[in-house]
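The first chain written gets the first letter, and so on, giving A, B, C and D; residue counts start at 1 in each chain.
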């Protein structure tokens, strides 16, 4: 089992003929993702990795209806491409690109809400239901099936943690990257609530960071609405206030979003926070046993 | 029984302190409509017909949550007032004003769809569930309970027909005025489908007119999806092409929307079309007996 | 409000939509001067009627002399009852293909739609249905490039021409929305060696939104009575018959006309003076009616918001001040019916209860007079 | 990109938001001239730091002489490590009340929010929560008058002041949306006898959207290395320690810094060179690091899109061309891990499997050096 996507999820790749698009299409196919087509305006009729390429999402949908689309589209054109997929009826949109303008992101989210669709990202590694479907750019080999759900604001740090789990033979149900931008489609709560309902997920890891208040909101949700055990790791303990640490949200401004307030909120909700990534497997093992 | 509204429907009047607003508030109260409050920016704290007046819809909703709102607002400000009601969570909006700009109407409809609300009008007499709730400006005395549902594009013509029914002691379940503008919130099908499901409605009268294609679309719907009997009256048989007969839609342009095409479509769907308003009661009696 | 071609093209130009080089001319001399400047030209009569070409209202000229001759011929000619007073003298385009592009409002979908076709030059209704692409626009996101790509795909357009559409269509949409247009049509949209150019312009602005566009010109091509009615915000259409009709509501007015025809009469007009009229408005509507010199007056009032007593009062006022002695057939029911009847009976006018009877009486009266 | 107050006010003016009369001055003489023209003035240092008033960067003057003296004092003073080079000399407003108004982006709600308060002049975080009205805007309909009325009601504002807000707020929203602002803050928003006036301006433009605003000025108040990093689109922040850190990904870079601290070290910087770097980019990131003269290099690579062999190659390239002999602690796992290790081993650099080990080693190296 898994959340959001599974083996049956039919996937479209927008921007499939580009360097990133074609590379990750191959990687996703290798992982077992059920990709059915690609889109690249002006490249209709070509094929990539044996998949048909269409000029528009509508053209693709006429022949190969899809459930999800992953976008490898340069930031300035990402809004148009996301609108296209949403308008054509795609219900899960994975926005890989970084540097999408903030107002474009807000526009996309407003339209997605209208179209009743889920947006993952932007600036995300995507999501993967381990062993069945990967719609993203994460390295295949670390994502093996198991009982742990993971939701993360950052990418490589999430791989790091998944890597430690793999070393300890702990697999994952679904791993979701929320994305590092200030406005993203999913928040922790959206994903935690799905994990809560997923029978296969036995424990959840929340990978957060300083800045914003989404970890605090997640903590409030966990304490009132979750029965499953959750542990956390948070990056940015050592970050000085006022300095943006790469991610648009990762900044302690006006005393808000500090490491301490997040740890406090999570602890109050019964969530243990690992001091180092290496400590995560032990915490999970303790919970699962 | 009735469709859209009933005795319990809690109603707000926007623009209640104006001449039209206060007059029709009194009329609606007399009819038995469950009006709970009014709104007039800058007039908060006053009272009209014993009802509290608030400055904004949100202020009203905090004290008196409502299901429906009727707008007596000058056309240039109608969009803002409709947005306000929709944004505050009102689910039925009755837009009385005429001359609302076409693009404003399109904006309102797009937002209403997003908010999952029903818009009646603009340029409508409103709707009435006979004997229980009137949200509109039609004369009270003709609307007595009975087995006939009516949906009409025009106002006074609808009263004329209801008047003939009343003379013959035939009452109505709900009477809905779609509105005479080119862009209105409800079409015939939206209302017909509700009548089809309403156990009290035994027969339906469709009052249409030349122009547009909504009667033809209604005919297609009736023939495939309605079991209840429907009869029709159509205005504009004598209208010359190219001349707009008052209503924005009532024009035969480029050979479309003619009287003949509508009659043909309705007849093909088993709908008898009365030649004169006076013939309507006899047709209904035949059906009901 | 329909705009003349040259006004529509001015708006196109303001929104950066390519239009041909042109000059306006109100005399053959000005036309010749324009031709001297522009070279090969097309001379187009500026009237709101369509089918100007078939009616001889459009001509080509390859030198100032020809331009003068053609302009002389076209100026002051009658096109569908309208007199040609202005000419648009334009450079003759090198047209490789004639396309069709328009934005309009789809009442059924309640939103703007793009209409696009490779079969330009024809009336929109003459284009085969599968050759006319319709694309609805969600106003909450507006016109996006993906829509244009999709429209192009459906037309079978790609490459450079698609790029031209991607440049053009957002401008047309912006104009359509910002100016409250009901219609913004380019037909033909000419494909030239320099790209797409609007060879014609049909722009209609929503009358109900004119108040927020004070900068737009006001175009009037209506009869005096129609203009007067517009001023009074009364829905009025002139017809050919001799029974002047007024009623309160568009639907019931139409139904009244239908019934006049049904009983063998002919209406002189459509006049809906709306709901809730006061004495003044009733009087104005009546004065409008008298302007057509009808044989008979037919008044059909079903009082809802409209009060019968007020209509009666307005009628008596006009009758006395203007000394009308036309035969009248008056139907009056609804709000304040008794009071209205009393007022009319005082001046010797009896009223009908039923619309049927009133219409039949009016038709009889035309035979009698 | 944060804008100086005077640039923000220029934008306000362009969007018809009232601002005080003003002149820019870069010398005390220009300040005196401005005061001669404007009368009673306030002289404001133009730096991006807040709290200018408390730091002495703002002064009042009621004649040119005073203006000259104050300008002399303020020009070239240091405010939070920034040198004052420009002064904004403004007419002194007759302020009846100081309000707060801003538009910003709410990440949790994923939409713009209006922030409004009667308690202007204070930092937004210092205003009591129930005195700061927050109103989210659905971008599909934008800012509507009813929202302003509602915001005013919640503030307890009505009458003339409400009308002022209804005039002002749509302009601020238009600017916020059209210019891709992250923040458009007016604090204080001054209520004067002439209505509302923006007494200050804090405008931040989204860096990711700057490409579509070529007309906007480019403001740079960063260290040379930070500017260089921005050019290279590398996320780089200078810190105080002596271990230069680079990693691929913002989260893992933060986690690396945390771990450095955990083991008793101090990082010299935050440097995330992102995913999928090529040799060139790796080399550029490294060169940036060397600019801080660190004692030790700590490189933490978890290869996903990023290929270890390419990072290794970039490292070797810079090491050889620049002759680096700094101690290095290198962690490298993931895509093309073996190939990367082989390249590094050839130049005598061993790599760690675990981030823990690499960080500990780096901290040890600082002690050793």
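Just so we're on the same page, contacts are C-beta pairs under 8 Å (C-beta built on N, C-alpha and C of every residue); 3 or more make two chains touch, one makes a residue touch a chain.
As the structure is a prediction and not an experimental result, all values here were calculated from the model.
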Chain pair, A-D or B-D, that carries the greater number of C-beta contacts: A-D
Per Cα centroids, the chain farthest from chain B: D
Chain A and chain D: spacing of chain centres that average the CA atoms, whole Å: 27
Computed distance of Cα centres, chain B from chain A, in Å: 47
Chain C and chain D, separation of their C-alpha mean positions in angstrom: 55
Overlap residues in chain A, where contacts from two or more other chains coincide: 107, 110-111, 114
Residue numbers of chain D (touch at least two other chains): 138, 140-141
Chain C residues within the chain A interface of the complex: 138, 140-141, 144-147, 149-150, 153, 158-159
Chain C - residues contacting chain B, complex: 105, 107-108, 110-112, 123-125, 138-140, 177, 180, 182, 206, 208-209, 211-212, 235, 237, 239, 247-255, 257-262, 267, 270, 272, 274-276, 302-306, 333-335, 354-356
Residue ranges of chain D touching chain C (in the complex, touch as defined): 140-141
Contact footprint of chain D on chain B as seen in their complex: 41-42, 55-59, 80-81, 83-84, 87, 107, 110-111, 114
Contacting residues of chain A [partner chain D, same complex]: 20, 75-76, 98-107, 109-111, 114, 125, 137-139, 152-160, 163, 180, 182-185, 187, 207, 209-210, 212-214, 217, 233, 235-240, 243-247, 249-250, 254-256, 275-278
